[in-house]
Amino acid sequence: MQSDYKVENILNVKGLKKEFKIGSFTNVRTVHAVNGVDLGIGQKEVLGLVGESGSGKTTIARLIAKLYDPTDGKIFLNGKEIPHKMNRKALLNYRKDVQMVFQDPFSSLNPLHKVGYTLSRPLKVHKIVNGNNNIKEKIEELLEECGLTPAKDFTNKYPHELSGGQMQRVGIARALAVNPKLILADEPTSMLDVSIRLDIMNLMLDLKEKNGLSYLFITHDLAGAHYMSDRIAIMYAGFLVEIGSSDDVINKPMHPYTQLLKKATPKPESGLEPEKLDITGEVPDLTKLLPGCQFAPRCPFAKQRCSEEPPKMLQIDENRFVRCFLYKH
Amino acid sequence: MKYVLKRITFFIVTAWVALTINFILPRMMPGNPAQAMIAKFHGRLNPQAIHALKIAFGIDVQKNLLLQYIDYIKRILTGDFGISLSFFPSPVNQILSYAIPWTLGLVGVSTVIAFSIGTLLGIRTAWRRESTSSGIIIPIFLFLNSMPYFWFALLISYLFAFKLKWFPLVGAYSLNIPKGFNLARIASILYHAILPACTIIITATGGWLLTMRNNMISVLSDDYVAFAQAKGLPDKVIEYKYAARNAILPSFTGFAMALGFVISGALLTEIVFSYPGIGYILYQSVLNLDYPLMQAIFLFIMIAVLTANFIADLFYALLDPRVRTGAE
Amino acid sequence: PIKYGGTLRFIGGGGWAQFPDSMNPLLPEGGFSPVVAEIYEVLFYVNPLNGNITDLLGTSYEWKNNNLELDINTREGVKWSDGTPFTARDVAFTFNYIKKYPALDQLAVWSSTSGLESVEANGDNIVVFKFSKPNTPLFYYLSNIPIIPEHIWSTIKNPVTFKNENPVGTGPFLFKSSSPQNNVILAVKNPDYWRKGRPYVDKLEIRAVKSNTTSLLMLLRHDADWGDCTPADPKKLWVDKDPELNKMWWPVNNANILYLNTQKTPFDIPEFRKAVALAIDKESLVEKAYHGSCGGVAHPTGIIPSQQNEWLDPLLKDVNLRYSPQKAQELLTSIGFKKNSRGELMDSDGKVLPTYKILVGAGWTDYITMAQIISKNLENLGIKTVIDQEAGSTYMSSIMSGTYDMAICWWAGEGPSPYYYYYQGFYPPFSGSKIGETSLSDYARYTNPIITAALETFSKTSDIHLQKQAIYAIERIIVEDTPLVFLTNRTHFGCFSEAYLVGWPSDSNPYCAAEVIDSPGGAMITVNVHLK
Amino acid sequence: MKTLLKVKDFNAGYVLTSQRIHAVKNVTFKLDNGEFLGIAGESGCGKSTLALGIAGLLNPPGEVFSGEVEFDGKNLLKMKNDSLRKLRWKEFSIVFQSSMNVLNPVIKIKSQMFDAIQYHTNMPSNHLEERAKELLELVNVSPKYLEAYPHQLSGGMKQRVVIAMALSLNPKLIIMDEPTTALDVVVQRNILQEIDKLRKKFGFSIIFITHDLSLLVEISDTIAIMYAGQIVEKAPSTKLYAKPLHPYSYGLMHSFPPLVGKRQRLHGIAGHPPDLTEDIEGCPFFERCTKRINGVCDKAKPSFIEIEPGHIVACHLYDEEGESSAK
Amino acid sequence: MDQIMSFFKIKKSVAGMIILLFFILVAILAPYIAPYSPTSMEFMPLEHPNSQHLLGTTATGQDIFSRVIWGTRLSLSVGIITGLITIALSIMMGITAGYFGGITDGILSMITNIFLVIPGLPLMIIIAAYITVKGVMTIIIVISITGWAWGARVLRSQAMTLKSRDFIKASVIVGEKSSHVIFSDILPNMLSLIVAEFFGSALYAVLSEAGLEFLGLGDANAVTWGTILYWAQNNQAILLGQWQWIAVPGLCIALLGTSFALLNFAVDELTNPKLRRR
């Protein structure tokens, strides 16, 4: 149904679904964290994934990173389907192409390992370079690439001797070490200060250009997504509700939720008086999916139909999709 | 309710596994009860008598294990543990019924006291963490907690019962007191329980103190305590309503878990003070290969612990709405 | 004039976990409440120390018909505590009862080897025991069976598990109450007891505590008059604390024996066994393990001192196996055992002997101490040993099933003459033929045709001379063959306090052997003590 | 307008066994009745320490080193514990940084709302209930949640309950330390709207702490920018947005990408803030400053200059020393 | 480093260290300190403390002082070795359960819970009675078997917490094997907790050993503080006026126990960020 599947995409995801079982024995409930997501990321493309907290962004990243097994759905890398269960070798190959940068730089580095050790592991595990000297050289190269100069000083530092921004750079260097094609960046800047945040985003953009990387850039900051991404996908309650080119989504948001998001984002540049929000209703409960549109209870435009029947993804133009009955169905 | 169901499931499964272990363990012990019995007769018994006794005692070593197991489960479900070998021909139930009230009374009450004192001290030392008194109290209790308690029991029994004669040396109550339930009897029971209870209380309090103190300190750094302070609530209210109430929750589980240890651990106290209780009976039953008795006591202790756990869990649920209403 | 009244307070230590609450006198020792011995009487009390007989329910006995018949006259004018008169029929009933219920035949009087054929009352006062073969020593066992009233027991359905909560006996005391929690049993004087004027005390208070130390403390506090406790050093810990009042009488009634498993090599070699016996410093055992209070080193024949006058072959009087490592070494050399350069003993084939285990009961400090010393002694010979401590019943199991190498234990039998010790110790039916098979009382698994024959000769006759010859024969074999290594003597452990009561048995008044209160001998004490 | 709070030469920090962290340095500012003051700055620059210090809630190892806090004419720092306790909540309340976690998980919302009121007034219990309902309605939370436990509420609701509690005694000042972090933008915005409405209605003052400058610009009257424990610039928000004077403020203002408009490369502030355990001689921003004047900025501490009424800045670029050396 | 530094700043840990070091020294130097063989029975029995026999002699004529010194060796070893075995078991069960989760966790947690529920002392008695060759090793095994469960529970929950930390996920994504993740990432980060648990187990072991010996279930032959107490008690040492015979080994146990407890306490205080003195 969606034409987002392009063979030339580095990564394609089809009908991705993830359910978590929580509770145990007598009290099992199912969290529908991701509900049939289709998306694709092109070569050297940044796809921004935006959504409120708990909407399933991290879960998508982890599914792609093979930290979780999907409940349903397929993942294609370079057009080839990736099986759910892989042997170690195949998995290693996959990991070589797909790496991840974490949200919290403070907890994504093992506090007991020096930067040098942390960076040496991917090199060793994937046999990127051989010989201790080469490894050392490669590490320094990586550090420099990520703006940690002089590199020699950093190899012998423990994470706690680094600032948040520096730690995040090490995290990026680690992902970079295996020359991946795709980096899943799960809110890599949300724990950082504004100014450092910008540095990191700039670094990521530079690396993309230089190494021909693609990113899945997850954030809840619409402005940040706009700054980074070529295309933006908006998520709500485990569903993709809108996807389109970055400028389109920001300038002409179609889905009511995207519109709301835009309203809520501070934008002093467009006048200091903040926009008024009219919103009622509660955040969705993922253990009890609604029969209709998940956003319907909070949607200012909700009609009868919205709470009865789930809307389908609607193609607006070549690159633009929205899941809403407001548009012709 | 779901929570309760869940706990019950755990309770039953654990109990079943424990019962099975309980069945297997004594059978893994070397020697057999028949020989243990014969030993009692100093070898004078004639072979027919041995056979007759075996039947009388229900020591039928011929039966296969599965049948024995089924029999065993049946007995447990009906609450009939058979006849004790070492106290032949008293039924196991009767022996237990003499011992259990004392164990529960002494161990239960003194553990509760130790728990209460320890918890209170834990609250205080955590609240006034930097004070000198905390600095002194903690090492003292660590020391008391590290004493082998039969050793401590011996010392105080020599000193207070034998030398100073302040307390009775042995027994659970005085003999020359009219039968039945009366004040004099209660007084006598309490009087006899003082020394044994003291050893348990003095040596056990430290553990609870530490547990509570650590919990309390954790809780004190929680935001809701600071918030309570910001609300301008009086210190006592913060200390007890906000901090201690939350900090005590994990202690309950610990308390339940500890109960089994304390019940059986009281064995040493029982020996030193010749206090009635199941610890010593268990010890004897093990030494005499008295399967029926051993199993019953083991079972009793496990059930006691499981029940205590169960109650602690319910308590927990009562005090912690997160558990009750099934929050993640 | 003897003062009446008072309470006799008995205290038992560690051994009594919890008093059984059964008062069925036919159950084995330890299987019934101790007060039973004061409630039910036996026919005769035979003092095991010297064979002296006290008439109880029996007044006289006579072997007849080439020892194939035993007639016992029973006492007249005795009443059961419910008022029914006691007759010889009760005695006959008792014996036939335990024949019917073999589980109750704790002294094995009806065993296939005993020869007892029938027991019948002949009138009110005579009981006739008929035998298929003579067995005079059985008299001792017969006289030790508590007599029960027919009018009560004849209706009992399952006497093995019958708890007899309202005991009716002929004895000096009546059951009053028991408190299992406190482990205390109370009894009161039987006002209609047939022995006029006895007992002197009004009450009995029998108590057990959970450790020996506690019972000693109770005695020291004069909270008890009589204790069966084994202070490590009874002289220092008991008598010396107050020599005026604190009395002890520890008559020898048994011996501690190092059993060597004669079904295992090299313990099947008599010279080797003797070498072991010679290598052990028994004096030091007496000193270290018993502080000298066990009655000294045991005689190499195992005969207890009080029976030696009568039963020890005068030729063997001076035999001893005094500690002599050198002689032991020589003996070993004589059978080809040599030490290697590392000082380890090798057998005649040149194989180093393995490390042997010395089995003792876990927690039995006297045995552990002895084992430690023996272990050191044997080390001098080049024999390596470790001490194996097993919990009571497991220990007994290992001994009986013959899985041990060496074990310290006692004589299984006891009685008024050495016969009883030897009988239990060496009579083939009590032995196990191979390892693993239960050996009832011949723990060393040693049998000898000469000993067997001698035992049979002894039992066939009531002629004391013949009997003596039989015993002498056994003694000679024991000295020659060393089937058992006798270590020290073993005693009863009576501690008596004269704070309130006097009349305790002693060397000068050995009316019993200081047995524990749950036995006929103990009952003797309860009728003899009185207020100071 | 009357001055409600005066903070003068305020110094606070943490005394640890091995080091001493001087987290707040010589902070001086004033807050008027009804004013909405936003404090912004990088993480770790001492915002929370300042807020807690002012409220007298800095628990060990935190410590107020020196300074004056005059609230409504009373010197808070000199006050006895008990009388300070009585002031709290009644006169000023504080909403913590982690306001999602400030409710005791095992006590009903009701009881937690009641006790704050109870210990300060003698309100009879039937009135308590009414008051609590009224407060919840103010923040758009259904009064049925009075009977609930905190975990039964969503994050946003908890936050609102806390805000309602902060309002319960009509305090003159509410300090809010990043009350909305960890909430998503929609909920966050919603709450802020609510707060602003209430402020207009009841006329209390707010100190609002966050590192989200773009947010502050939209909602506050005045903004103070903090850097390494010091306030480096304070101005009405419009002024600060339009014309940030301090190079740090300038950098911050240009560090967040605009939502709308063309996508273009921006550049953040290079480097990272100084270590608070060490004493800094000159301007704390010296290391990272693009406009630094060597020999001046690293030597002398800049003092405050009021460039325009209400717009003060501590930077050598604007004082005589800077000017003189520039010549 | 920092933690080690602050470790020495806590008075309790210093006190604990000093006591422990003292006992370790005594244990190592036992052959040089002890004037006589601990098992030799050559002396006059029951001597009161004097210049030849600092703590007098036992009823069998052994030098009590020498026994206490040598006893340090075994008692300390029992504490330490049991502590090590216990903690190793706890690690195995706890971390495996916590890290792998799912079915593995279900089964291991069940086993752990059962061991928690089965009362320790009776189990010890049964096992001790079961293992026929008595020896210190028996005691060690018995105590370890019965003592690991609590630690496993603590470590499991810690492993679960750690598992959710991003650096573990990062390791997985880098392609590390589970074993590497466990041993290189999880274990080192729990080190202090493990150390704390170790001291806790060691305390438990020392006390349990004494208890078992007291019941006569240990190896009465071995020279440990527990057996010294056992023999003293069986010889009614106090009634003989030999107070020191019972008091000294008891105090030694209590002191060693205290040192373990202090160290446990201190490490706990350091590691648990909430307990740490900020």
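We just call them A, B, C, D and E in the order they show up, numbering each chain from 1.
Note that a residue touches a chain if its C-beta (ideal position, glycine included) is under 8 Å from a C-beta of that chain, and two chains touch if they have at least 3 such contacts.
Values in this document were obtained by computation on a predicted structure and should not be read as measured data.
Summarising the inter-chain contacts, the pair of chains with the most C-beta pairs in contact is B-C. Comparing the centres of all chains, each the average of its CA atoms, the largest separation from chain D belongs to C. Look at where the CA atoms of chain A average out and do the same for chain D: the two points lie 32 Å apart.
Measuring from the averaged C-alpha position of chain D to that of chain E gives a distance of 51 Å. If you average the Cα atoms of chain C and of chain E, the two centres end up 44 Å apart. Centre to centre, using the average C-alpha position, chain A and chain B are separated by 54 Å. For chain A, the set of residues that touch two or more other chains is empty. In chain C, the residues that reach two or more other chains under the touch definition are 217, 220, 391, 394, 398.
Residues of chain D found to touch two or more other chains are 60.
By the touch criterion stated above, chain B contacts chain C in their complex at residues 29-33, 35-36, 38-49, 51-53, 55-56, 83, 86-90, 94-95, 98-99, 102, 158, 161-162, 165, 169-173, 175, 270-274, 276, 280-281, 283-284, 286-289. Considering their complex, residues 11-12, 15, 110, 113-114, 116-123, 125-126, 129-130, 132, 150, 203, 207, 210-211, 214-215, 226, 229, 233, 238, 246-247, 250, 253-258, 260-262, 265, 268, 272, 274-275 of chain E touch chain B. Partner chain B is touched in their complex by these residues of chain D: 55, 57, 59-60, 85-90, 93-94, 96, 98, 101-108, 115-116, 119-120, 149, 151-152, 162, 165.
Note for the complex: chain E touches chain A at residues 165-167, 169-177, 184-185, 188-189. Chain E makes touch with chain C in their complex at residues 39, 41, 45-46, 59-61, 129, 132-134, 215-217, 219-221, 231, 233-236, 239-240.
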